[in-house]
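Chain IDs A, B, C and D follow the sequence of writing; residue 1 opens each chain.
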Amino acid sequence: MTDAPSYTANEILAVLSARQLKDGQVVFAGIGTPLLAATLAQRLHCPSLTILFEGGVVGAFVEPGKLPPSTNDQRCAKRSNMVLGSADVLLLMQRGYVDVGFMGGAQIDQFGNLNSSFIGDPQAPKVRLPGTGGGNDIASLTNIIVAIKHQKRRFVEKVDFITSPGFVRGGKSRTESGLLRGGVFRVITELGVFGFGEESGRMKVLALNPGVTREEVQDNTGFTLEFDERLETTAPPTTHELETLRLIDPDRLFTA
Amino acid sequence: MLEAQVEPYKQLRDNMARRDRGLREKVTTLEAAASFVQDGMKVGLGGSTMSRTPMALIWEVIRQRRKNLSVSRCIISTDGDLLFGSGAADHIVTSWFAQGILWGLSKVLRHGVEADGKHFEEWSHLAMGMRYRAGGMGVPFLPTRVMLGSDIAAIRPEAKQIDCPFTGEKLLLVPALNPDVALIHVQRCDAYGNAQIDGLQFMDIDLALAANRVILTTERIVSNDQIRRAPDQTKIPFFCVDAVVEVPYGSAPHECYGHYEPMLGHMEDYVAQVNADPVNGMRAYLEKYVYGPKSWVDFLALVGLEEVLDASRNGRSIYND
Amino acid sequence: MTDAPSYTANEILAVLSARQLKDGQVVFAGIGTPLLAATLAQRLHCPSLTILFEGGVVGAFVEPGKLPPSTNDQRCAKRSNMVLGSADVLLLMQRGYVDVGFMGGAQIDQFGNLNSSFIGDPQAPKVRLPGTGGGNDIASLTNIIVAIKHQKRRFVEKVDFITSPGFVRGGKSRTESGLLRGGVFRVITELGVFGFGEESGRMKVLALNPGVTREEVQDNTGFTLEFDERLETTAPPTTHELETLRLIDPDRLFTA
Amino acid sequence: MLEAQVEPYKQLRDNMARRDRGLREKVTTLEAAASFVQDGMKVGLGGSTMSRTPMALIWEVIRQRRKNLSVSRCIISTDGDLLFGSGAADHIVTSWFAQGILWGLSKVLRHGVEADGKHFEEWSHLAMGMRYRAGGMGVPFLPTRVMLGSDIAAIRPEAKQIDCPFTGEKLLLVPALNPDVALIHVQRCDAYGNAQIDGLQFMDIDLALAANRVILTTERIVSNDQIRRAPDQTKIPFFCVDAVVEVPYGSAPHECYGHYEPMLGHMEDYVAQVNADPVNGMRAYLEKYVYGPKSWVDFLALVGLEEVLDASRNGRSIYND
């Protein structure tokens, strides 16, 4: 493209995340990029996407320009299909009604485990992070997409603490832990799109974002990355995608 | 502190037998209601994050200089900051602790846990819900399929992993949580405590059933006649409730569904001040906004009329379309 | 009394049952005499009696002349304080919110166990009765009053089948079964009022109804009855009690 | 027949993964909806006793000559009679089986169990509720404090007694019940299946979440717009629902809260006829009222307009005061 539109890291994160969703799916979305990406998908190629929020909302339609400060605010519930208790919306996921969970995290490792609890030793942490919220539940109960900033301190060989389990220690260890369904199947960053080896449960690069090299993504990652045999290059965000995104988040609450 | 200790059934029932569950009017003052909370108690808070937080009650509990509280909530926010920062609570049981994504990490939490000996006992969100639900059902645990394989389970031996006697599957049993007292803010209730909650309920119903005492603040006290015109809208039955206080804007500066959205200007200033200095910033905030005001209305005046009216207009707009 | 009013067996059953309730109590009432007795008490000495029904009703006020055909009908819910799910109203009892459960049964034995499931061998029953409904739950979870017709075939030494446990096999056997609270504390019949030995868990006569002799009650009972040391005689139903009862059930649905 | 076998979680999830849970219109005919019920299935019924019974669906299932159904309901009534008497069901799982106290024992039940090889699998009412709830939560069991010490537990080895790993107390674990299909009648829903239930909910919400398919009949189909004006009134979410049929008076001759009370004249005649002769009386009733009518409206006409209008006036009167 000669006049490729420019965009921020958070914007490509939201756009690529939105592209992972299919129309008719039931998606459980966390606050921030996940909420934004699900709402974006709903306004692009997924008009009948069903969005669930931890606050207890089923079938949400977030209004452009009225992003909620958390998924527990009334803005999440306005003109939705159903409002129920917080535990009950998570139980829908345990029962299996949800196709995809969509979440963030502070740290991710080669097996897709997420940490949002402690940096450093959990007994005497360097940083006490906010904790799991619904993250552990989503990661335990359904197939998840993770949207996360690509930095070496975030992409580590082994997370300091497994808040939300991916493939745990790889191989069959997730199933052996008692997690019989679900698992992380995509990681989206501003550098690329990542999947996991079916047997190994290790992260691999499926696609590089426009202008990103293999070296760049490896340099920003704290463990050795595999690259998929059919490595692709992501199509850049289109003007329509970006315009729609900026309509939804005109104040750049989540895309600054 | 072994918070997750399950109350034996006999004790739970004996406590309940001593409660006055008769149909009687319970309307009282904020001061009298907050005095149900005594030092060292397990306190459960209604609402979630910045929604329907029982702020006026928490504010009064802090003014009464309570100590050593163990406070639980599904997701805790500014209220957690104030409880840690004031010294009222030294233990918080929740799934998530921060002001909300707009403001990053809570420096008050960080200071408390990293440097000041405070405890943040973390459970998954569903686990918190099942703990209150078990407490409300009168059973010692509920089975779940979460936390398995994670380090949250590793640091929570209070939850027990079993092989299911029916299917052989691994399950996590989470222990019942029965707070000594629950503080809950609702949109309306009658003088007996029959409460209606509009919109998001969070874990409030299970919490109310689980707690050994329940204190309600309410935007409005309505007649029992009005409650009885739509009995299927009652969310908390009166016999769970021990005191009722009418406190308009009782969740300020947080939101109350259909009534007001969060007072974001106040929140912005608050976060800037306490994150800049979680000790002195918090002390100054408490002096000005908690210990200083003569009444809750006085506190609202400090937040500012324009902010309160803006929040109200936004809050009511949910019913515009 | 010189002009003692006349009444049916079901009427004295309802009146004596109503007298067992105290104002301010929370009572879980089954259909028939229990519902009637609770409603009667509410209109006599218990204006703030809180009545719960299995259908999911909390704080019911049954309208005179509009008795419901079951506790699952809308008539039970009209102008009540709360309506919730059927399991949830029973869970209130498991949690301990209920003071008294009030129920009937087809058969009762010396330990207050009730049978409403099978007459004869459960494997090949002579009569298949309707079953427990909420009876087992009420008897397991709270202190109960049983209102039952006094007939030898109903008052048996050992019920054919324990649907709703009383003191099970007497002594500590109820507690040893895992039933840590509750238990049958009164049985009301048209012949008298019965309690249970504190140690033995065996039924004993606390009071005889007007005109009823020790022999008459023993003759209508299939096991040997103890009589309380302070055996009383029940005060007969008053005109006010009977008039109120007949106002509530003018069609004699439950008092014929 | 081992009814209480718990479905392994993998199987439950795989069944769910195959369901079309997308937002789509599902309005169909009574015939097409009832055909979801196939011979030998586990069928769960909404409502309780004579209230919100999914009668039109049951009527159509019987007309389609289904066999060997295992039917569960919290309390079963005339619907149980018809299912046993027609031969559609040979197994009924419930806590109570009779027309209601006004009419004593069900002779159809008695004949079926005492003389005709049919099974009535008895659980306590709370146990039924916890079985559906476990099924709806995606867990294999829930703990309770009922049935202990009773002979119901003795004849239900499918429930397992344990010593609580937290308190040492005896508890009864009741197994999850996940019906193949649930039949539920509601006051209103939209074309997607978002359903509102007024008044008594019974066990319908847990049942809907637990079942592997849900068929709704509704007094009225409303717009999605109307549902979304009060999302906290939605009781069953659309993705639980596989078919929607608008059937006014779909619970006749039973009641539907706020719409009509039971049609007691018809019920009196019905009970007199089948209790006099549970075989031939039932056969004659089925011929005249189930197999005979051309449509559900035709059935209502046989019940009689006056009775239908009377029941409606009584039903609506709940909102008079």
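Operating definition for what follows: a contact is a pair of C-beta atoms (placed from the backbone, for glycine too) under 8 Å apart; a residue touches a chain by one contact, two chains touch by 3 or more.
This one's a predicted model, so the numbers in the text were calculated from it and none came from an experiment.
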Requested in this report: Name, by label, each chain that touches both members of the pair chain A and chain D.
Outcome: B
Report task. Compare the CA centroid of chain A with every other chain's and tell me the farthest one. Result -> C
Query raised in the report: Which pair, B-C or C-D, has more C-beta contacts?
Result: C-D
Query raised in the report: Once you find the CA centre of chain B and the CA centre of chain D, what distance in Å lies between them?
Result: 38
**Report entry** Rounded Å distance between chain A and chain C, as computed from the means of their C-alpha atoms
**Finding:** 58
Query - Cα-centroid distance, chain B relative to chain C, in whole angstrom - result: 40
Report task. Express in whole angstrom the distance between the two chain centres, defined as the mean CA positions of chain C and chain D. Result -> 29
Report task. Would you mind listing the residues of chain A that make contact with two or more other chains? Result -> 57, 77, 79, 83-84, 91, 94, 180
Requested in this report: Send over the residues of chain B in touch with two or more other chains.
Outcome: 9, 138-139, 144-145, 169, 171, 199-201, 229, 231-232, 321
Query - Inter-chain touch pairs (all) - result: A-B, A-D, B-C, B-D, C-D
Query - Touching residues on chain D, where the partner in the complex is chain C - result: 48-51, 74-75, 94-98, 100-102, 105-106, 109-110, 113-114, 120, 122-130, 132-133, 144-152, 155, 161, 169-172, 199-203, 205-206, 255, 257-258, 261-262, 264, 315, 318, 321
Requested in this report: Using the touch rule from the top, collect the residues of chain D that touch chain B in their complex.
Outcome: 6, 8-9, 138-145, 160, 162, 164-167, 169, 171, 173, 175-176, 198-201, 229, 231-232, 321
Report summary line: As the complex stands, chain A meets chain D at residues 23-26, 48-50, 57-59, 77, 79-84, 91-92, 94-97, 99, 180-181
Report summary line: Note: in the complex, chain B contacts chain C through residues 9-10, 12-13, 16-17, 20-24, 136-139, 192, 194, 209, 224, 227-229, 231-232, 234, 237-240
**Report entry** In the complex, chain A residues that touch chain B
**Finding:** 31-32, 54-57, 69-70, 72-75, 77-79, 83-88, 90-91, 94, 117, 122, 125-137, 140-141, 161-165, 168, 173-174, 177-180, 253-254
